[in-house]
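Structures follow.
Heads up, the next two complexes both have chain A, just with different partners, chain B and then chain C.
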Partner chain A sequence: MQKSLRLAGLLSSLPILLLLALVFIAPLLVVFGFSIMPTKTFSLLQWPTLENFETIIGLSYYRSLLWSLGLSSATVVILLLICYPLAFAMAKVFGVFANVIAILVVLTLFVSENIRLFGWVLVLMKGGLLSGTLKAWLGIEMAGLLYNAPVIVFGMVYVYFPFMLFPLTLGISMVPNELRHAAADLGASRWTVLREIDLPLAMPGILVGCMLSFVLCTGAMLESKLLGGQKVIVMADEIETAFTYGQNWPLGSALSVVLIALVGVMAIFVLRRVDLDQILGRTNVQSS
Partner chain B sequence: MSGTETSVVLRLEGITKKFGDFVALNGISLDIYDGEFLTIVGPSGSGKTTMIRLLVGMDEPTAGDIYLKGERVNDVPANKRPTCMVFQSLALFPHRSVGQNIEFPLKIRKVAPAARRARAVELLALLRLPADCYDKNVTQCSGGEQQRVALARALAFDPEILFFDEPLASLDFRLRKTLEKELKDLHRATGKTFVYITHSLEEAMIMSDRIAIMRKGRIEQIGTPDQIYNAPTNRFVAEFMGEVNLFRVRATGNGRLEALEIDASLASPDEEAAEGEEGTLMVRPEVIRFLAAGETADCVLEGTIFNEYVLGSRVQYSVRVGEKTLSVEKLREDRYTGEIDTKVLIGWNAEDSRLLGSES
Partner chain C sequence: MGTQFTRRQRLGYLLYGVVVLAFLYLPLIAITLASFSRKRYVSFPIKQYTTRWYEKAFDSLTISDIFWTSLTIALAVMAICVVVGFFGALAYARYPWRGRKTYQKFILLPIFFPQSVLGLALLLWINFLGIIPSWQTAIAAHLVWIAPIATLIIAIQAYSFDPALEEAARDMGASNWQVLREITLPLLLPGVVSAGLFSFLLSWGNFPLSLFTTGADLTLPEWLYAKMVSGYSPLVPAVGALTILGVAIILAVTITIMWLYRHGRRAA
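So, the complex of A and B:
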């Protein structure tokens, strides 16, 4: 009985396991495989080499990497600052009205990312909607706001807004109101309540939101291309260039592996440092 | 109440609270004395929860004033008031240890860590919690331990008044009985003012110096447990007190009452009642006796014993008199020895019954 049940379980999970192996694991393995193939080749059946990684270290790819990580970090910080108050309001204040906001935010996802970004290009470019309006109505001459690093961050904040907002809302709604009232009743100011009660208890949602938006940002390239106009080359640009113009799959794969490894290590590091069990109140906490 | 000279620590003057058109509290005036254990009792929807929210500062009254030690505190928020509350859910911080929970109010006052710890250990001892609880996570504590931790945390705050919002409601019967007595002992030990909210009058009886009974946003009666037990002002309070026998009566003059539901004439405890005046006669189950042949009492009724319930030290009987079922309660050693479903004579002395006002 027990055995046949296990077999049944295995069998019924088989389709999804196969699908995951095929569409999720296999492409990653192909990328890992290509990263150790000789440069500018198109076959996986060759003697492994580390020359692509030597190229990456030798050339100045570290700049793109730093730009990617820097822009992503800035985006995550700004997203957190913008989304926290809104998420708090959606979880605790707005009631039914929160659903309206949620729908409005989700609606933006129905339009493809590059179309939305082209919209911003038209608004922000020199002689575009914004500068044109200012000139016509107020006579203010203004250069375009495009083609710099801050506008890339702006674009990413805009695009990845939902990916921070919803995990945060979920995290904050997990904090019982009574705990905040009790803390206030025991003399805590608003800031103390935020620091001692809200943030630690909403931390799972905050972490998930930060990780999700950070990972998406490091993989983003449309923002730097369309809004940044190649002023800043980010890692995702480099990877795309290597695969397309460069016709150098092994180099592109090696760059991908570096990015995946870095982001993966950071994710593990963050989740380790902040003990999820402690946040959820499952283990002993040493008193401070 | 401790001491002969009692001072008012919290005064409510004509407190009204409305939510839209709904009047949750309707012109309540109340003095709470320093060091007393006051319990506010009422069924759900009576306004007692709204009341305590106003008292701790989580809400503001629509009209009226609240004075804490003579100072008006209507719009002073909870975190600026020297009072605190033990929540129904206890609201312990799940991400903190027992020690950190208890020290929370001290940490906010920037008390040094060593002093905080010393105070927490002291409070653990006062609440009969083992000292090794200190590092335990609150989520791993039992229900009774969590109650005590919540109390310790509130006491660490050292409030002028300690409020309780039905903290024992979710516990099982035996633990609740134990904690009720412990709470009263704690009140004696600390000498603080306790204001307790519950829907259980029994709980209120055990613990309180004074009880206020609320209904529909008003206080129906306020007094010591004895006063309320012996002299409820109306039918609502009497029924709320637990099982009592109530007769709708009309005075017929010369100290007699006509019972309207069972067609009988009863002796009135109140000789003065004017003829024709209607009211309610309250007879407690324990004052009714089974009359042996030839025995007599001021009021005598004939009925049938319908059933018997053993309550432990006491035994309760339901006796049908006409359409009405009366409740009779005897000590175990005085229990009725006859058969069920037989006719019996029951009776009581007029001075053991009580005539309540006609207001229902």
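So, the complex of A and C:
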């Protein structure tokens, strides 16, 4: 019996593994291949070279990389602060009402990113929803709020909000209520409960949320294009430019490899510390 | 649950939730308002309203072409994700097998990847294989990100699954295939339906993966983006608002059907 279940497990994992081998692993291998090809070629059959990585170090690409990492870190910190109270309320306070909030948040996720960001352009531009309404109602003149670095962070906070909220909610719902009550009964302050019980026990969810939103932010380019007006060039912009206008696939690939390496190391670091059976299985026990 | 919170605390959390939701919905409201503005270049507050842009959007042959392309891609992605995700979820949560823990993490990796990089990587791969990018290749591109999500959604359902039911059926002489069809599939059905819904909608709204992989074909988000960066067109808010409305209708219908199904089963 055990043996047949084991076989069933292996067999049922095959379709998605084959799929991912074909559309995930193979493309990444091609990117690695191109990253060590001479500059501006379109074939993989050249003598390998490291010149693209030298170009990256030599030219000022590190600035885009630093911008990307800086903006992404700022976004993650802000997201954590904004999402934690709501995630806590969804896991511990709201009860059934949490499902209503979850559905309303998920609904926004299905509307394309660029449409939602365009909505913010309409809100924040000069003569937009915000400044136009303020002028008409209160007579306050206001410049547009677009085309700077903080508005890029704002856009990323907005777009990646659900990717922080849901892992946090899963994480916090893993904290047993009895433990929180016991600590409070023994005289722990709310701050102590947060620091000694909630945060450590919800850590897997917090890690996954931070990781996920950070990674998505490093690959984001719409925010800087639509809201930031190219005031700041981020890594994803550089990669896209190298592939499209630059027609330099090896350089674009090398830039991608740098980003992938950074992100991959972090993803593996976080995923190693997390037991997925515990996170996903546990929430289900709670909701049923 | 929740009795340890005072009324004031609960009210505070509730208020916070409402403020956050307002923040999430504000841009969607702005688009809808702008879509009814009569002026060619919108400015707030809107003084004259019109439905002209909607009429134009409905009359446009380009938009209707692009609509069908988007729909075909989303339906194909949904069909593939549901099948692959169903089996993937069984391997994820149900069966004990040797490589399971590694498998669980591997499935998550594509979700943890920047989508624009995935799109470009696929473009190189497609080119390497000598295939010309079109809406078919976009389906493959969407699968990278969406199939793992579908798998996760069904896996969450599979965790609550009682293995004793499968064992009982097997003890009574059911074949593996019968167990799958008569026990496993019906029990996982709610998860399968949500996974299908998610797959469809995520594919429908996806931009970064489509951008590099559709070749000469266009999806709705791509068309909207092209119009956004090449100067303002009053059709952008109108078509944007229509896609928002479409999403809301599909969700409402699915939730109603699932609700009726659950209550019908309880009554029977």
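The criterion applied here is as follows: the second predicted complex is superposed on the first by the 250 of 288 C-alpha atoms of A that agree within 3 Å, B and C clash if a C-alpha of one lies under 4 Å from a C-alpha of the other, contacts with A are read in each partner's own complex, and residues count from 1 in each chain.
Assume a contact is a pair of C-beta atoms (placed from the backbone, for glycine too) under 8 Å apart; a residue touches a chain by one contact, two chains touch by 3 or more.
What you see is a predicted model, and the numbers here were worked out from it, not measured in a lab.
One of chain B and chain C touches more residues of chain A, and that partner is C.
By the touch criterion defined above, A:Val31 reaches chain C but does not reach chain B. Residue contacts after overlaying the shared chain place A:Ile140 against neither chain B nor chain C. Of the two partner chains placed around the shared chain by superposition, chain B is the only one that A:Thr192 touches, whereas chain C remains out of contact.
Legend: residue contacts after superposition of the two complexes on their common chain; A:Leu81 is shown touching neither chain B nor chain C.
By the document's definition of touching, of the two partners only chain C reaches A:Gly95; chain B does not. Applying the stated contact rule after C-alpha superposition, one finds that A:Glu113 touches chain C and leaves chain B untouched. Look at A:Ala184: by the touch rule set out above, it reaches both chain B and chain C. When the two complexes are superposed on chain A, the residues of chain A that touch both chain B and chain C are 181, 184, 280-281, 283-285, 288. Those residues of chain B whose C-beta lies close enough to touch chain A in the complex are 56-58, 77-79, 84-85, 87, 89, 91, 93-97, 99-100, 103-105, 108-109, 113, 117, 134-139, 153-154, 157.
In the complex of the two chains, the chain A residues touching chain B come out as 176, 178-179, 181-189, 192, 196-197, 200-201, 278-288. Contact residues of chain A toward chain C in the complex are 1-2, 4-17, 19-20, 22-24, 26-28, 30-31, 34, 42, 44, 82, 85-86, 88-89, 92-95, 97, 101, 103-105, 107-123, 127-133, 136, 158, 161, 177, 180-181, 184, 211-212, 215-216, 218-222, 225-226, 236, 239-240, 243, 249, 252-253, 256, 259-260, 263, 267, 271-272, 276-277, 280-281, 283-285, 288.
Chain contact summary for the complex, chain C toward chain A: residues 1-2, 4-5, 9-10, 13-14, 16-17, 20-21, 23-31, 33-34, 42-45, 80, 83-85, 87-88, 90-100, 103-118, 120-125, 127-128, 140-141, 143-144, 147-148, 151-152, 155-157, 159-160, 167, 176, 201-202, 204-208, 212, 220-221, 224-225, 228-229, 236-237, 240, 243-244, 247-248, 251, 255.
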